[in-house]
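Letters A, B, C and D mark the chains as written, and numbering starts fresh at 1 in each.
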Amino acid sequence: MGPGAGANGVVHGHATRATFRTSLTEAMAELLQEDPRVLLLGEDLLDPYGGAFKVTRGLSRRFPGRVLATPVSEAAIIGAATGLALGGLRPIAEVMFGDFLLLAADQLINHAAKFRAMYNEQVTVPMVVRAPVGGGRGYGPTHSQSLEKHFLGVPGLKVVAPTQLHDPGALLRAAVEDPDPVLFVEHKLLYPLELQAADHDGDVFPTAWVQAGQGDPAVLVFTYGGGVRWCLPAIEQLAAAGVPAMLCLPSRIDRFDPCPWWLEAGEPRAVVLVEEGTAGSGWTAELAARLAEAGTGAHIRRITCADDILPAAGHLEDSLLPSAEAVVAAALELAR
Amino acid sequence: MGPGAGANGVVHGHATRATFRTSLTEAMAELLQEDPRVLLLGEDLLDPYGGAFKVTRGLSRRFPGRVLATPVSEAAIIGAATGLALGGLRPIAEVMFGDFLLLAADQLINHAAKFRAMYNEQVTVPMVVRAPVGGGRGYGPTHSQSLEKHFLGVPGLKVVAPTQLHDPGALLRAAVEDPDPVLFVEHKLLYPLELQAADHDGDVFPTAWVQAGQGDPAVLVFTYGGGVRWCLPAIEQLAAAGVPAMLCLPSRIDRFDPCPWWLEAGEPRAVVLVEEGTAGSGWTAELAARLAEAGTGAHIRRITCADDILPAAGHLEDSLLPSAEAVVAAALELAR
Amino acid sequence: MAVAEGDLAVEIYAQMALIRRVEETLQSLFRQGRMRGTTHVSIGQEACAAGVVGALDRGRDFVFSTHRCHGHFLAWGGEPRALFAELLGRETGVCGGLGGSQHLCWNGFFSNGIQAGMSPVAVGLALARKAAGESGVGVAFLGDGTFGEGALYESMNLAALWGAPLLFVVEDNGYAQSTPRRAQHAGRLAARPTAFGIDTVTQEAGDPMAVRQLATALVHAVRVDARPRCLYLHTYRLAAHSLSEDFRDPDEVEAWRQRDPLLHMRARIPAEQADAIDAAIDERLAEAVAAAESERPARPRVSQVTGATPAAPIGGER
Amino acid sequence: MAVAEGDLAVEIYAQMALIRRVEETLQSLFRQGRMRGTTHVSIGQEACAAGVVGALDRGRDFVFSTHRCHGHFLAWGGEPRALFAELLGRETGVCGGLGGSQHLCWNGFFSNGIQAGMSPVAVGLALARKAAGESGVGVAFLGDGTFGEGALYESMNLAALWGAPLLFVVEDNGYAQSTPRRAQHAGRLAARPTAFGIDTVTQEAGDPMAVRQLATALVHAVRVDARPRCLYLHTYRLAAHSLSEDFRDPDEVEAWRQRDPLLHMRARIPAEQADAIDAAIDERLAEAVAAAESERPARPRVSQVTGATPAAPIGGER
């Protein structure tokens, strides 16, 4: 779905104090209220604790019996959610840290994602797996990763990543209403942020965009999820330096095609692709490949986490992650 | 390591009857013979059965106590191998079908691959995980996949994929001698094939290449592992059609940089990237991204498995997998 | 009682004989090269399928099976013709030729090729049915080798903790592929479910009637209190693990062949009746194979849900 | 005996007091914003670390720990200063500042942040040491919540099957994060290792001397026959799970605080001796913190083993 398709430039009107986190919490409350098939499961979701990142806080009190605290069993959580979905329910499972998704990789890829296709459309698995991801909090190598790249390109599996420039709750609702399993990755650093208005297209999982500077963008930046924290300042800095730039933020990141956006943006020469995951066969690799295959001739630079573990020490972590400076530098070099 | 680096055009001299499978078996026999630290573990490895694909046949009889048949516990197999490696041994673990690697994804990615870096170089994990992968045998959706793409771009993890144009046994030896964990993927259809001579560079994990037709190649094809079964006939067909073509077959597929090869090949306009894994953020995405980022300006086409489960029915499976025809067609279109 | 028991014996024999003949037919189709891929037959273990699945109510219950699933599928009422068509890659196969031998789905029956992978899924479905106020009971079949997989224990714990109406049925045939049970497991397997709060009953599957009786009682118990149970069956497969060679001690196999539960059941009903059953099965299967082989090849999937649109050149330069 | 026992009590008290004060120091460093990230303290559980780790031989044994690893690390002989430096992100940290609170490695001590993920690794290392003919014993610590993870059972089975010289030590503090044990597990947890062929002994960790005695006996038993055992300790953490709020019933926490094993141990040795120990610890830790804070920031890793060379433009056109 390109920007041309359903682009309508609608700006979301959010309650003044809505944050990324409350938007998600409220959406789950509404879903639980409206649809008896919806239920939540995951580790430590119950009140008063309300989940490690407090996204489900208040829900178990409001909806007794509809929020389930599970054992520390990631594979069984996802497997059970799959069975609940097969049985007509609409489970939203939480994996406490996205790093632990690897424990459920078999359930997600060899079970949930396969059933509809391999059973010849006799069943669907309308399940959502929420997972907080990302670094920047000094949690160290096993609690800071952005492993969603390993779940891209999986037949039958969608991957959605909201930012504060989307409506995270609406995205979660769309994921719940989707007939297929959706991996829903939430960057930890975004939770406290207030939602921000942005243009977006009309897709069920909309792509948001922001332009900085006047005239056709000389630089087009693509990122998703937590990448917004570097790319938003970066395009402002570029604009301030006289280089008009556009940031494109898909919310559905699997199978995202940057080409229509590049055309729409006026075929800018410079394209910067940014992701927090480590280098190699990730999200930006797919985008770069599509831009290349389509013959855009764009000058492309990927900015990713370095090819290394994420250290606990904050200054080391920062030195490996992307940054606004890196995005700006790459953009200026390409646009030069 | 580009072709310039250690290219020596050496052609392997193999015993007449050596196959892909016997090369691996013999290499393991030699390693067991030479190095008391080497041991094998995996499901059903013992004689007379000798493993699901018979790669370890004869070894448990020749080396009693050095080949361990495990329970059906993929996570524990890889975890135990990791501990054995920490303890100074050189384990070679077999995962019966590459599809089951997902059950060990956490062990591979959050444990084995991380230890050396996250423990600040105090330990190494010299472990090899062998896994037969790929389709073409009608084994259905959970026994036919090429999931190695999900293990690319993992800090600390190498991925090696031999073909019959390499020396599979030598590659396995190099993997065993490597200080870091190596995922070693063997395409099921290659096992019975006789080894074939080819040019190769001087890397520990060499890249092999084959040229078809006279003069500078108009088309450069990259693939690995099982992809050789389509690409080898494809370059011959291209040559027969008057289009000189070159096939480049890296054995180490993680972090492979196609750019030096493209330069060496005379900067051909047409580059076809072929992998058996499904579309999206896979091996060919990374290659295309590198070619694009480097500003090669090459015309690129990726050929992958369709974005779908691999059906059991043979004709359906064939219809989703790449083929020599698809490679030829893409090459001709690009080179036109 | 005698009459009812006689009827039951006939029913069970017919079920077992059907399974046996279907799988023998599959073996010969593979041998003749008329099928490709691989398959796992349950020859010798039919009492497990006939005994357990027959205790279920097809209207509300459901079955999670394994790689060795044909017997369970047939006992559940699946059509031999649809099974043959599936393995032949025909459009009319159970899953349109997509799944093949290990990946079946039909009317509340599911199998998958990943050992123990279906156990948490079974827990989830059982809980969904329970939440819907249906009194359905699920059966989750497992082999002894599958006790190697951690996901099984996560599932047993969850099933017992949350009260999933699920009967775990273990078909302990003493081997996982080529490896004997004692080389795979420490402790006594049947003690494991108990340690996860699941009451477990052990039974020799050589007596199909006893299996049925026990399964009926257990399914009833699960239905009543919606708590999981485990039925641990000792059985033996008389055929090789899959299509590969059988390396077990021939004497051991022969000893079990002498105790073939199918023959045991056959002896419990009148010979003419058994002959008639056999003849009817042979006729039915001959027709089923012929029909399946004449059916159209499986068609490519229509809806590719999350399919990417193929990249097409959009730049101006080509 | 009285003297020896007195010595032992002093040793154990000193160990426990050190752990307590180190973790209290960590808490206040975090509160003051001098550390970032997160941490899990073992306040209240020190008897497990002091009792068990002290039973090991640092020359040949090894320890696999969990997210709640500081106590185990210190009991193993790890330096408070190196631990502070690690959490402060200093070059001289246990792992050069790379691992942080949960990911420690030093001299045969390993921890990782993935629940149960280290258990198969511990089995492997134990087998390697056994293969080398060393009589080393490994301890693998676990929490009650960690019994949710399937990998643990795969590991217990393998350990018992292959005879890994490993002592599984469970610190059952009744909670996993915010969730009480009874809301996570069916059946009796201590029965589970037994079902995998691992003899299990249960003990209240309120009595540190008894823990040491039992641990010593079990480590010896494992060393002699190279078969795994399990020591199942009942304990309680007096602090919150991590740095977040503690939602447990304050009365419950208070009741356990009254039974604080550290006070119990303190009462078993002469008061002046205890005071002296405390004072020495305080002095040592003040120095350690000051030293750690003055050390150089952690340096980027040098060898990036499998690092990719950054893509550089090679085409002629730019």
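Side notes on the structure shown:
Operating definition for what follows: a contact is a pair of C-beta atoms (placed from the backbone, for glycine too) under 8 Å apart; a residue touches a chain by one contact, two chains touch by 3 or more.
What you see is a predicted model; the values in this text were computed from it and never measured.
Shared contact partners of subunit B and subunit D, listed by label: A, C.
Comparing mean CA positions across the assembly, the chain most remote from subunit C is D.
Averaging Cα coordinates per chain places subunit C and subunit D 45 Å apart. Averaged C-alpha coordinates give centres for subunit B and subunit C that are 35 Å from one another.
Between the Cα centres of subunit A and subunit C there is a gap of 40 Å. Of all residues in subunit A, those touching 2 or more other chains are 70-71, 73, 75-76, 99-100, 103, 106, 110, 114, 117-118, 140-142, 155-156, 254-255, 279-280, 293, 295, 297, 299, 302, 307-309, 311, listed in ascending order. Shown for subunit D are the residues in touch with two or more other chains, namely 98-99, 103, 112, 114, 147-151, 154, 157, 161, 183-185, 301, 306-308, 311, 318. The touch graph of the protein chains shown is complete.
Against subunit C, in their complex, subunit A makes its touches with residues 68, 70-71, 73, 75-89, 91, 106-107, 110-111, 114-123, 155-158, 179-180, 254-255, 257, 259, 263, 290, 293-297. If you check the complex, the residues on subunit C that touch subunit B are 36-38, 86-87, 89-90, 93, 97-103, 112-116, 145-151, 176-179, 183-185, 244-245, 247, 297-298, 300-301, 304, 306-308, 311, 318.
Taken together, the subunit A residues at the contact with subunit D in this complex read 43-44, 46, 48-49, 52, 69-76, 99-100, 103, 137-143, 279-280, 299, 302, 306-309, 311-316, 319-320. Those residues of subunit C lying in contact with subunit A across their complex are 95-96, 98-99, 103, 105-106, 110, 112, 114, 117-129, 131-132, 150-151, 154-155, 157-158, 161-162, 301-303, 305-309, 311-315, 317-318.
By the touch criterion given at the top, residues 147-154, 156-157, 159-161, 183-188, 191-192, 194-198 of subunit C touch subunit D in their complex.
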